[in-house]
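Encoded as structure tokens, here's the structure I'll be asking about.
Naming follows writing order (A, B, C and D), and every chain is counted from residue 1.
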Amino acid sequence: MPRRYTLTLSCPDRVGIVAAVSGLIAAHGGWITEANHHSDPEGGRFFMRQEILADSLPFDATSFRERLAPIAAEFAMDWRLVDSACKERVVILVSQLGHCLYDLLARWQAQEWDIEIPCVISNHDTHRGFVEWHGIPFHHVPVASGDKAAAFARIAELFEDAQGDVMVLARYMQILPDALCQRYPHRIINIHHGFLPSFKGAKPYHQAYERGVKLVGATCHYVTSDLDDGPIIEQDVVRVDHSDDPSDLIRYGRDIEKTVLARGLGYHLDDRVLIHGRRTVVFR
Amino acid sequence: MPRRYTLTLSCPDRVGIVAAVSGLIAAHGGWITEANHHSDPEGGRFFMRQEILADSLPFDATSFRERLAPIAAEFAMDWRLVDSACKERVVILVSQLGHCLYDLLARWQAQEWDIEIPCVISNHDTHRGFVEWHGIPFHHVPVASGDKAAAFARIAELFEDAQGDVMVLARYMQILPDALCQRYPHRIINIHHGFLPSFKGAKPYHQAYERGVKLVGATCHYVTSDLDDGPIIEQDVVRVDHSDDPSDLIRYGRDIEKTVLARGLGYHLDDRVLIHGRRTVVFR
Amino acid sequence: MPRRYTLTLSCPDRVGIVAAVSGLIAAHGGWITEANHHSDPEGGRFFMRQEILADSLPFDATSFRERLAPIAAEFAMDWRLVDSACKERVVILVSQLGHCLYDLLARWQAQEWDIEIPCVISNHDTHRGFVEWHGIPFHHVPVASGDKAAAFARIAELFEDAQGDVMVLARYMQILPDALCQRYPHRIINIHHGFLPSFKGAKPYHQAYERGVKLVGATCHYVTSDLDDGPIIEQDVVRVDHSDDPSDLIRYGRDIEKTVLARGLGYHLDDRVLIHGRRTVVFR
Amino acid sequence: MPRRYTLTLSCPDRVGIVAAVSGLIAAHGGWITEANHHSDPEGGRFFMRQEILADSLPFDATSFRERLAPIAAEFAMDWRLVDSACKERVVILVSQLGHCLYDLLARWQAQEWDIEIPCVISNHDTHRGFVEWHGIPFHHVPVASGDKAAAFARIAELFEDAQGDVMVLARYMQILPDALCQRYPHRIINIHHGFLPSFKGAKPYHQAYERGVKLVGATCHYVTSDLDDGPIIEQDVVRVDHSDDPSDLIRYGRDIEKTVLARGLGYHLDDRVLIHGRRTVVFR
């Protein structure tokens, strides 16, 4: 893949936003390879994402940002320009269930994403060997029921030391404290093993079994202080029937969980996800 | 389709149930064309459905029932034998949205199901012409906010007069009173325009939009006194994204609603649905 | 819905296309409510669709076209500007199976699309009453095996008289002659009851059954001289298993056919489909 | 899971099959936990699968088989009784793409299946470290274009030495010679990266892209002498659109491939797949 700049922005909707941005890019010969817009008619907000070939522009990212700044100010944009040459640093948190971890490392191995995984953190030592075999540092941070604060302080420290861009809860079975959620807004991604907003909290598959639903699902979302209530990035479901007991639901669910997490994380890594209150705009 | 007897039963699970039933049928040369079993390991209950060619047996349905009775008593079965020669009588209730009504009448017209539709009942007069063109009686029963009891008494009377077997709420936008729900257990089928148990009650698509889910769905269920909480027969979903506003969700939802209702009703008409507490066993 | 202009175009990809078009629109205060772009990296072709609020521009559609013309010429655009005030005229062709016809008329009745249906044409008289009850003229044009040419000449004449914009083959079971296909490129839409390119030609469900596939599907495509080989607009599938015989596949397939046809036709009516050789660009 | 016997059989359909088998089992107090039947009305063949709790019977598998033999002979059954205490031995073949291998080993690690993996065989040395880290022997068997026969003779030898029950082609990119296919009928399982019968042979995703389909899929099937034409066990699809180039299709396809392979293999391992000519009966 050639080097690209990805520009994402949102601002109050009005005439001339696209003309102003695309005018600037065209004036310098910039080649746009992908563009998406969205106007939210209710909230009156406009969202945009553009990918520009880095080599088509006669200046670098810093200079590009300087030229965009006046337009951004004029339209009151919430904006960001990302250079594909800077790899995203993904820190994975996991507990004992390893299906999402295997899946993420398989994708990393296959270079599906252009990322670094500076470390994996777990409250169990189960997956140390598997992670270290891949040449990735593994940190065992037990979460003692009496002193959770210390554990999460340690996790934040490891994330900072690793210069992490995004923290992925790959079936990490501890609830993050508010402080941590608020410190990294839209930078912590969780996979919930239920089709939210149904079946929040613990044992969603058992809840689904008790209710007798005919489809079970999984939800990839940003973590906020409201448990299982952050903006949803991606969801999917799988069909079940009366012959499936909770252990079957758990088994089918694993396949959905890893796929949904990977899709949601992939959108995030490509800067395809913009936040819109409790919702997301995902430019697929 | 040749004439068939459909035997459905449930009973406490123990050794010898299938042997007893299939032994009786085999002893008289009965030809089983379809058979399904289900053991619920938690509740210790056994469920069975068998289709037998009527002409393969040397006796009629009444006589068949007499021969089954001692076995049913021995195993404490909750059972039922249905003769395909007796057509199910389906009474449809509808309000102003006609997509499910069109869909049901299209299937009836195409003889997808071997049913009678003795009448259609509505709280609006909107669809009278369409229904009557099909040669089906149409009853307009307005539901006045001050005197709902009278309206539902009239509906029950019409259902009785029509010798209805099953009442289908095809986007009928009134809440049925408890008394009616309890009078016809597992004989009233509703299509809810949301993926239950999420988004109960009114305006489920608006609720879904507010929450920012990435899939919306519909649920076909038996009506009980607990609103939107009866045993689920069938569900399905359709993918949506940020560009879809509530009116889009409503539009996509219509396609799911009519398909899910038709599938759920079809299973019911074929005696494929057995009740198991809050859940259903659906022998597809 | 407020009145809108929909601009669709494709042209050789180069720098400045979006800037030129959005610059023109912004210069006159045009409000863009929806925009989609696509660059085909292989073929070097660019595709765009924009919806503009008619009332935001100080001129009418004719004047808008005049102003777009020089830009279109500069970039060698293949383009079209549609005014939502002009309703699309949809002529439906059907044979004996009525499920797609019921579905299309239900949507028309519910005003899902802003269209006119000037007439329905059939090689059988089966659906005359149903169509005429809706106040739509019905033409019975038998296709005699010895004189098909006359029948199709009559169909073309009826389509012209009706000032049809698009011809929809809603399970019309006759093969259109080459001349007719070529006369109306990308204006004839068919629903094929198979998941193309598998199972072309007759009896696709029987072919699928023989092969033992686990999913069957339907395909909505533009009709070209190559039977079942025109550009695909939309497809979908439904799961089947060993217990389903060809008649079950046909039954399940009907639900997919009508949904896929409606989605494909809806995209066409909204000018969301652009042709790219044998493929389509569908801006959902 | 408690120890179980799984009985699978097929035979010409006639009265009394179920009665005979279930009568035998009931007579000895055998507890059936799962039962499935299928009558093929066209071919007149009957298929059955039953799971019986081993401890509910007063004799062992050998003795059970002796008691079943006369019934099997009477009804001309093609049958098999499997004891869950004997683990299936799964030999995996892989080339350079590792996503299916990672997925299979993740399931093995999580004990999703009660299997042994005696070895992994590859025509490349790429995955040696990963496989050996799991404690599984890895054999590199290059397939030289001039001497393929020797390579496949070596593979057969390794499979025999490993006492393999089933050979899984987990994106193994070599065509197996006829002799090998015929030596292990219904014991070699392949994942094809296309929705068969479309897109047989090489580069199915490129074929799909050229044709402009809106869904791409994968197919898990038994390998026979007819390339990509063996009985299909499982299939699934994923939606794509015009913005996806062949490399995107390949990427989405990987997720479908591993899921479809795992489901198909899981059905095989549970003895849920019965062969019916070119088709399969899969008792889910």
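Points worth noting:
The working rule: contacts are C-beta pairs under 8 Å (C-beta built on N, C-alpha and C of every residue); 3 or more make two chains touch, one makes a residue touch a chain.
Keep in mind that what you see is a predicted model, and the values were worked out from it rather than measured.
Looking at which of A-B and B-D shares more C-beta pairs in contact, the answer is the pair A-B.
Centroid distances built from C-alpha atoms place B farthest away from chain A.
Between chain B and chain D the centroid-to-centroid distance comes to 37 Å (mean Cα coordinates, whole Å).
Mean C-alpha position of chain A lies 41 Å from that of chain B.
Looking at chain D, one finds that residues 34, 41, 243, 284 touch two or more other chains. Within the complex, the chain B residues that touch chain A are 38, 40-42, 47, 195-199, 210-215, 217, 231-237, 241-243, 245, 276, 278-282, 284.
Taken together, the chain C residues at the contact with chain B in this complex read 34, 97-99, 102-103, 105-107, 109-110, 112, 129-130, 133, 243, 251, 254-255, 259, 262, 284.
On chain C, the positions that touch chain A within their shared complex are 15-16, 18-20, 22-23, 25-27, 29-37, 39, 41, 56, 239.
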